[in-house]
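Here it is, the structure, as structure tokens.
Each chain gets a letter, A, B and C, in the order it is written, and its residues are counted from 1.
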Amino acid sequence: MDYFIELFCSGLTRGSIYALIALGYTMVYGIIGLINFAHGEIYMIGAFTSFIVATVLSIYGFPLAAIVVVAGVAAAIWSSAYGYTVEKIAYKPLRHAPRLAPLISAIGMSILLQNYVLLAQTSDFLPFPELIPEFSFVEPIAHIIGSSDIVILLTTTVVMLALTFLIKFTRIGKAMRATAQDRTMALLVGINVDRVISATFIIGSALAAIGGLLIASHIGQINFAIGFIAGIKAFTAAVLGGIGSIPGAVLGSLILGLTESFATGYISSDYEDVFAFSLLVLILIFKPSGLLGKAETKKV
Amino acid sequence: MMNKSILEVSGLTMDFGGIRALDRLDLDVGPKEIVALIGPNGAGKTTFFNCLTGIYLPSAGDIRLVSPQTGKQSRLNGLKPNKITKKGVARTFQNIRLFSQMTVLENVMIGRHCRTSSLILGAILRTRRTRKEEQETIDKSYDILEKVGLSEQANEFASNLSYGAQRRLEIARALATEPFLLLLDEPAAGMNPQETADLVTLILQIRDEGHAILLIEHDMKLVMSLSDRIFVMDYGKKIAQGAPAEIRVNRAVIKAYLGEDEGPDNA
Amino acid sequence: MITVKEVKRSLLVSLWFVFLTFPLMVIKVNPYERTVSWRWRNMVYVAIGTFVITLLAKAWFARKEKRMARQQDSCHLRLPIIQRILQKPGYRNSLAVFLLGAALAFPHLFSTYQANIMTTALMYIVLGLGLNIVVGVAGLLDLGYVAFYAVGAYSYALLNLHFDLGFWTVLPIGGLLAALFGVLLGFPVLRLRGDYLAIVTLGFGEIIRLILENWNAFSKGPSGISNIPRPGFFGLEMSLDQAMIYMYYLMIGLLLVTIFVVNRLQDSRLGRAWLALREDEIACQAMGIDKTRTKLIAFSLGAFWAGLIGVIFAAKTTFVNPASFTFMESAIILSIVVLGGMGSIVGVILGALILVLLPEYLRALSEYRMLAFGAILVAMMIFKPEGLIANVRRSYCYHGKKSNTALKNDE
């Protein structure tokens, strides 16, 4: 039974990380209808930035609390900056191009960013500093759930609530919803669609950066390639929940996280990634609109 | 009339989420008949075409087709668009959907696709049969282009044509599929008076060659002069049907069009 | 031509990039020795590099706009020089004969080592031509192309290991098996929207690789399968050098067949349907084209070629392991098609030669190879989506007489 609960908890942890990344996919897709292949790389850049900042600060002897805050903020700022720039360079000029063009451009961006980090930094795995201390109150249940799991779950919940608030009640959030529903209409009622798109990329990137920081300190190491698999998995989660739907992305992520956790725990850990990919292929074949997405008839 | 019709639609309903775009619509078309479908913007006319040609899956209702050649009856609901085209129904699109990166002739040749059969081996080995079929495709497509008056531009890109010419190319492409029922979605939209007059001649010529035509159009002069019968829709429902003379004086129709730029009285 | 305003804007862009790249380009930490190195020089490189690139991009767009305006006046498209040569049958044929002669003489003029590199380039050309049917002509973004390549390679390795089947027997089997995989995967997923297809094929490619990596009993896992025999030639014994030159000629042969077949396919009922499908699926269906079936044919034909080259790859290296079949391999082949020009045979050949030979001969550049491939995909989409050599539409003869209008460039 303990094993089951342990798998359940680690599944939730995984799932909430996926959710932080999946939200970026789903929001961008909802607004410009593009699979942002480079989103996984934004997450990786977030992890790398927080690694660099945290290590520098710890070398210069800053206290842990300061390190965590500064590293988190830096990761969010730079990831957002990358997300914003990627949109401006690789997607904006192609907004009216044939449908294959932005996809190819997105894949190119993904490869470009991966190799940029590889060349600018290193191809080795790097040890990520321990940012989350072992809480003493966790000790009695440490065999089931660790401190970092708790921190991740809590942070994710807070971030989700903040995002919900932002989308429901703020001006930019309302503009985002309007644009997602009907871009032409949004333009007509005077919404600055370019600004909304940029905001979407920035918010999505910041969320991914937080995910990057959390997962890196949880696992304890990073390298330039972590974004690729994480990206596909988060995308799977977004599709599972129904791409374009924000609650869907969270639900899909939790389901994917739990599935992976149980499958690796009870079946085999060799095929960890195969489970996710197979799930992706199966959903797209049998229910491409996902769990919470609505099947739309394209207007002709 | 009923038992001779080639298209019989009954109770056709189409829902999009909460919106009911078609509401229990009945309609029929007889052989070699020109039938017009009119109604204000957003009435559901294009949606009707989309259901008929299998692009949308209707929520309820029945679409039956009777081939005038064989007399065979078939139900179109749930068939894929290409199957319906093969059965002899072809259409044009209101928002022109030509293959703009292909030449005018090639656009028409695409229409021949469902009446030809060569595949991989034929293409690679270029057998005598394939070559014959290919030449036939070219010749027939060229003939159709001559009919609609586009043979001069056969090797231009479709995107380089004028608006009116693009509409005619849409018709040519549809004709290439050898339909017995041709659906035209606002064929005169954006045409100047001269082009519209040519279009009327073309539609009559197509009818005389044995095709039945179902036509969506806002140009009332064209509709009144061409149609044998007219169906009028508003908010997804049929509000009137009859000969042009009847429709012209129908109160419901006049009411539906009140406030529209081009009411039926302008005819 | 360059205004002060543009220079100012470029400066701002360059400043932005200095900020953007600051943590990753400038700081480098060593977490073990706990040291930090500040690489300020990189900052200068970034500043200058982005400034120049921005200015160049602005100039490019300005030029393009001017050219568009001019074209609208004259309505006569001016073709690039390569295309003008390609369109004159006389020039084209003599160029083809010359290239064929050069290709045949190549192993005798240069070393076997060079011939070996050329063989690799030829393999990529054929892979590119295969993927070109799928992506370039039919417009299906297949990101798992390498999976079919792996199917071919492993068919030869395994069929040879277990049943002792020879190269020439497995060559068609490998191709057909890959095509079968294409049909099995394509049948359910080709109904999907284009971007979903891209990600499903990507996932499928990864699944195949992961299975090869983990299913030791079947594929011998990450260590792979070695001692795969080279192709035989009527039982003749060959030295290593001879075997390599033999491979070279074999690839030349296969390339010629491929060009012939792809050319004929493109110029056929099927080829037209593919092109039309790439442009507008709904209009295609309304014209009576069976969307799924037509796509499936393109998809599995592409897979067939990947399978063939897979078998040849296994025979050439005499060793296969899963590491040869990563997503990056698919990305390279995609870059070849995109750089050369989607749908254009000459373009794909040129693209493959550039992308395979350049890093091979400029060793200093090979480190930046993947970076460049990514950049090429983005830059081509933005600056020159039709590729280096655009596909050309042909005109037809009707009623036996040739049309009087000249060929038009597909731009």
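By our rule, a residue touches a chain if its C-beta (ideal position, glycine included) is under 8 Å from a C-beta of that chain, and two chains touch if they have at least 3 such contacts.
As the structure is a computational prediction, the values presented were derived from the model and not from experiment.
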Checklist line | Topology of the chain contact graph, where touching chains are joined (line, ring, star, complete, other) | finding: complete
Item checked: Pair joined by the larger number of C-beta contacts - B-C, A-C -> A-C
Next item on the list: Work out per-chain C-alpha centres and flag the one nearest the whole-protein C-alpha centre.
Entry: C
Item checked: Centre distance in Å when chain A and chain B are each reduced to the mean of their C-alpha atoms -> 47
Item checked: Centre distance in Å when chain B and chain C are each reduced to the mean of their C-alpha atoms -> 41
Check: With chain centres defined as C-alpha means, what is the inter-centre distance between chain A and chain C in Å?
Finding: 30
Notebook entry, point to check: Using the touch rule from the top of the page, what residues of chain C touch 2 or more other chains?
Noted result: 279, 282
Checklist line | Multi-partner residues of chain B (each touching 2 or more other chains) | finding: 55, 93
Check: Mind pulling the chain A residues that touch 2 or more other chains?
Finding: 300
Item checked: chain A-facing residues of chain B, complex -> 16-17, 46, 50, 55-56, 93
Checklist line | chain C-facing residues of chain A, complex | finding: 34-35, 45, 48-49, 51-53, 55-56, 59, 74, 78, 81-82, 85, 89-90, 93-94, 97-105, 107-121, 126-127, 129, 228, 232, 235-236, 239, 270-271, 273-274, 277-278, 280-281, 284-285, 288, 300
Next item on the list: Provide the residue numbers of chain C that touch chain A in the complex, in ascending order.
Entry: 16-17, 19-21, 23-25, 27-29, 31-32, 34-36, 42, 135, 139, 141, 143, 188-189, 192-196, 198-200, 202-204, 206-207, 210-211, 214, 278-279, 282, 327-328, 331, 334-335, 338, 367-368, 370-371, 373-382, 385
Margin query: Looking at the complex, which residues from chain A come into contact with chain B?
Written below: 294, 297, 300
Notebook entry, point to check: chain C touches which residues of chain B in the complex?
Noted result: 53-55, 80-82, 85-86, 90-91, 93, 97-103, 105-106, 109-111, 113-116, 118-120, 122-124, 126, 130, 133-134, 137-139, 141-142, 154-157, 173-174, 176-177
